[in-house]
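Both complexes below contain subunit A, partnered by subunit B and then by subunit C.
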Partner chain A sequence: MRVIYYILQKEFKQIFRNRIMLPIIFVIPFVQTIVFVYAATLELKNADISIMDYDKSSLSKRLISDFEASPFFEVSKIVPNNNAVSDLLLKDKAKAVILIPQGFEKDVLSLDGAAIQININAIDGQSAGLINVYIQQIVNSLAIKYLSSDINVQINTIPANAEIRSRFWYNPGLNFKYYILPGILVILVTMMGTFLTALNLVREKEMGTIEQINVTPIKKWQFITGKLLPFWIIGIIVMGFGLLIGRLLYNMPFEGSISLFFLATAIYLILAIGLGLLVSDYANTQQQVMFLLFFFFLVFVLMSGIFTSEESMPDWAQAVNRINPIYYFMKIIRAILLKGAELKNILTEMISMTVYSILVMVFAVWKYRKTH
Partner chain B sequence: MKRFRGFLIKEFIHIFRDVRTMMILFLIPIAQILIFGYVIKNEIHDANVAVLDLSKDNITKEISGRIDAAPDFVVSDYLNNYSDIKEYFSSGKGAEVIVFEPNFAENFYGQDNARVQLILDASDPNLSNLINNYTSAIIQTYIADQTMSNSPNAIITTEPRMWFNEGLKSSYMFVPGTMTLILMLITAMMTSISIVREKEIGTMEILLVSPLKPLQIILGKVTPYILLSIINAISIILLGNLIFHVPIIGSTILLLGVSILFIIMALMLGVFISSVTKTQQIAMFISMFALMLPTILLSGFIFPIENMPKVLQWLSYIVPAKYYLIAIKNIMLKGVGVAFIWKEILVLMGMTFFFLILSVKKFKLYI
Partner chain C sequence: MNNNNNKIIEVRNLVKRFGNFVANDNLSFDVYKGEIFGFLGANGAGKTTAIKILSGLSYPSSGKIMVAGYDVYKQRNKIKRSIGYMSQKFSLYEDLTVRENIHFYAGIYGLPFKQIQNRTNELIEELGIQEMANKMIADLPLGWRQKLAFSVAIFHKPKIVFLDEPTSGVDPITRRQFWDMIYRSAEKGITVFVTTHYMDEAEYCDRVSIMVDGKIEALDTPTKLKENFGVNLIEDVFIKLARK
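Here is the complex of A and B:
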């Protein structure tokens, strides 16, 4: 027991005396979390659109003022010129260019129907789709208002009326922060666990200091425990710290139980650290560790559903996710934080994660050779 | 010159003999492109939605039918009670329930408003927002059509034309985006690590007492990585083109030229990082933490910069990846020439020189 205590002491000293590494581990990720949470939004606001009005009638002016009133668009009126359309789009001066044709009002009044041409820069297909939807909503509502209220229209229309109400469960404000923050916490903990463990162990290999430990009477299990325990503790502290920041700064919801949250974190950290140990069994240089982990980390993080929910992935990807450690933890943490899941709701994931942790840890320890 | 050649050969051997790292370097872009192409889809296609029809009349059936027929949605379930909604969301079968309130058709043409509720599982807010918008649009179009059904033609129609990307394919975003991310991260990370490694192990001292000049050492260190990164860039472009049909409308030579400029910029950034760090771990964490998120988030790779708060928009001006991404999207997708992207090219050149001068200065100090 005393041996472990000394190793622990050495490890903690080594971690905490490194004046540059500590801020990098703790500060950079948190600063980034705080800042970049605001960047991750797909909400459309103030998109630049240009309108070319060939008609200059009261109806076309009404349409333009409807666009101007919309929070989604920043309208600039452009002198009608067909050649200007491609120029505006090529130079990124406008996301969309709307052409109101000549005779627009006349055609609407005579009920011949008029078509508005919309040119959208669609490189970002998703934004383009949204812009198109919002433009259509504005045009449609003008058409409905016009036909149902304007006495000039001498036809027998029956105005249909329906009201669409949207309700967003679990996240009424559609706050993307609440979705992304748990994801960032998961990434942080994984970084702490896997990356630091593997780098730390391989560093000893690379520098040759592992040989010195190998000739001491320290046993394998003592050495491994002493090496891994600090990262397990640091990981849990980081998680608590991140949670606190999320609560204080963003009022992140915490619907579930704290003990379940930390139980899941503790189990996941065993898995993350076990993976770090496993990688260090095979790699010889820190560079190898870094690229090996970087590769798997990218794949696992992206597939875990950090940006998009797992349900929208194809079946084969969901199958691959069975071996994705981050996937389980991501799902558990989000369910606890956002939906207030209890143990029974996430039992399958918890059991899978626990079994996974034990398997990886046992295999990694078994593979670890104190002597070459 | 002969000395330099010898050094260069040593560097190449150093890098290429580590087969494991080599394989990973080439696998990263391929895996990432495939994941973005097949797994991460922010676009909705055949999304499952459920209908809770408390009215069950012709109009609600027609609206449901329209939603089902739209390419974005499939009506997969019909619920019977409000209480089923929670169960439906927990099961994760779909993210939206469309609720038609009783007497829908009656109210539709009557005095009262006919009410339709869209209830969304917003635990993924972006996705639920998209679904909400698309469903509302379908229903609104239906209402407009009914209002105008007595007139010979629909009175006002829109003719949308999607420029540069008619099919609204997401590959047009993620292929250039992935290329930017990979070139930036791998190049900066590899360079900084391999230089710091020599420092950490102590072999840098040996290099410094050799007759090689500092600039030659830097050049020898970065040249192999230029080659590696160019291979990566070409493989991403080919993958994007062959599998995801992302065109290269503009000049291929210009595209390669800008890419090489960006690679050199990233290399210089890597050299700069290596000149301010002492251990590989720190170099790695700086090039990963400090570069990865800004490159993903502030370059316009996934999230449009215009939608961000002003402060972040200003911050994005110092993110090199932003300029490269604008330039290559313009070349590949719009097919424009230098006349449209000279500003971006100039900024990238400026950044390259900035890091070059900074790191040469630091490097001399180190000696």
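Here is the complex of A and C:
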């Protein structure tokens, strides 16, 4: 035990003396939450649209003011000109151009079916889809309101619309922040665990100090414990810190139990750190570590379901996700934070993650060699 | 001194292969207690490979090797308690102070805390580096780092110390001081096994072996080697062997 104490003492001294690493450990949570929550948001807000009104009726004017009132759109009215459509889209002056044809109001009132034309820039398919849906909602709701207020129109002649009332569970405001914040915590812990561990171990190889360690009678398990424990502790502290930022800055929900949350973190960190150790068994330089980890990290993060639903991925991708460590933790953390899941609700994921952690750690320790 | 009881390293038919390349080709030699044994050879002759096997960092492909009375295949950990090692790659932590480095290595050798404290103070006094003791290794000149690395390698009082090109890259005055330290530790009974490619350093050794392309081509005292080859300097012995 005394031997481990000496390694721990050395590691913590080196970590706290490192002028780059220590600030990064505590700056990363801030920057990541700010970037993801405010900048890289998937919510649609203030999309520029242009409207060309050929009808100039009271209905078309009401339609335009409904668009203006919507938080999703920033409306500019354009003098009707058929050639302008492609120009507006091409120069990115508008995400969508709406043409209200002449006779629109008349067609609506005649109940023969009215048409308006919507042109959407669909390079970003996801936001194009959202724009389309929002535009249709605004148009439909106005049409229904308009017709039902018109005394000449019998209410039952309005095209039948089954009204669907949805209740959104776990995230009633459909707040993107609450979806993405748990994901950021997962990324944070993965980076702390895997990257820092691998870099730290490979640094000993680069400096040549590992040889000096390997000629001493120190046992493999003593060295590895002393080397990994600091990053396990730091990982848990950083997770707590990230959680605090999420609560204080973004009022992130915390529905589940805090002890289950940290239990899951503690288990996942064994997996993350084990992967770091495994990478350092193979890599000889910090550069190799970065290239290798960056490749896997990017793939695993994108496949983990951080931005997109895991269930909507193709079967092969879902199969690949069985070996994606981030996938399990992402599910568990979201379930605990947003759904208030208890251990019995996420038992399968927890068991899978625990087994995975043990397998990776055992394999990485087995691969570690004092003698070559 | 050449009697069998005094053998501290015994190597018979040591072979180390990396794929098809034979780095150590059937080496056999003995090292005796308390001597300074020079292991000479050009870069790539196989010196470092051999020293790594003897210090338990690397497995031999075949051969019988005993170090400090222990078998390198089975008693690696006992060997490690009995030896010190200093590599050509600098091996102290640059972001720890002199004192912290000494404490760390002494700690992982399992020395008692009180003893570490006392011996560290003794060493700092002996080297006359009181004002450097709390400085980071990164802030010390290379010569001092090497001298400290050597001191750390023998801090736990090993029976043998392996030095792999300890003086490469340091100035002649520091090299001289370094060899003074080697002599002092030999006087205390530590066997010194040192590799070098500085031929003048070979003259300071009790016996030297000269390695060429993985084989030991000559092994004797410096005086005898020069006599046998009819030259005045070890360097000329080496050149004759290398050109053979």
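Operating definition for what follows: the second predicted complex is superposed on the first by the 332 of 372 C-alpha atoms of A that agree within 3 Å, B and C clash if a C-alpha of one lies under 4 Å from a C-alpha of the other, contacts with A are read in each partner's own complex, and residues count from 1 in each chain.
FYI, a residue touches a chain if its C-beta (ideal position, glycine included) is under 8 Å from a C-beta of that chain, and two chains touch if they have at least 3 such contacts.
Owing to the predicted nature of the structure, the values given are computational and were not obtained by experimental measurement.
**Student:** Look at A:I323 in the shared chain and tell me whether it touches subunit B only, subunit C only, both, or neither; answer first, second, both or neither.
**Tutor:** A:I323: touches no partner chain.
**Student:** Does the superposition put A:M1 against subunit B (first), subunit C (second), both, or neither?
**Tutor:** neither
**Student:** Given the touch rule stated above, what does A:L130 touch, subunit B (first), subunit C (second), both, or neither?
**Tutor:** A:L130 contacts subunit B only, not subunit C.
**Student:** In the superposed arrangement, does A:Q32 touch subunit B (first), subunit C (second), both or neither?
**Tutor:** first
**Student:** Determine, under the contact definition given at the top, whether A:V79 touches first (subunit B), second (subunit C), both, or neither.
**Tutor:** neither
**Student:** For A:K13 in the superposed arrangement: first (subunit B), second (subunit C), both or neither?
**Tutor:** second
**Student:** Of the two partners subunit B and subunit C, indicate the one touching more residues belonging to subunit A.
**Tutor:** Subunit A has more residues touched by B than by the other partner.
**Student:** Contact-wise, after the overlay, does A:N214 reach subunit B, subunit C, both or neither (first, second, both, neither)?
**Tutor:** second
**Student:** Does any part of subunit A touch subunit B in one structure and subunit C in the other, and if so which residues?
**Tutor:** Common to the two interfaces on subunit A: residues 207.
**Student:** Mind listing the subunit C positions that touch subunit A in their complex?
**Tutor:** 55-59, 76-77, 80-81, 83-87, 89-96, 100, 103-105, 107-110, 162
**Student:** Where on subunit A does subunit C make contact in their complex?
**Tutor:** 2-3, 5-7, 9-10, 13-14, 17-18, 207-209, 211-218, 370-372
**Student:** Residues of subunit B touching subunit A in their complex?
**Tutor:** Per the stated touch rule, the residues are 18, 20-21, 24-25, 27-28, 31-32, 35-36, 38-44, 47, 89-90, 92, 95, 104, 107-109, 113-130, 132-134, 136-137, 139-141, 143-144, 146-148, 150-170, 172-173, 189, 193-194, 197, 201, 277-282, 284-286, 288-290, 293-294, 297-298, 302-304, 306-309, 312, 315, 326, 329, 333-334, 336, 340.
**Student:** Please give the residue numbers of subunit A that touch subunit B in the complex, ascending.
**Tutor:** 20-21, 24-25, 28-29, 32, 35-36, 38-48, 86, 89-92, 95, 108, 111-130, 132-137, 139-144, 146-148, 155-172, 174-176, 178-179, 199, 203, 206-207, 283, 285-288, 290-292, 294-295, 298-299, 302-303, 307-309, 311-314, 317, 334, 338-339, 345
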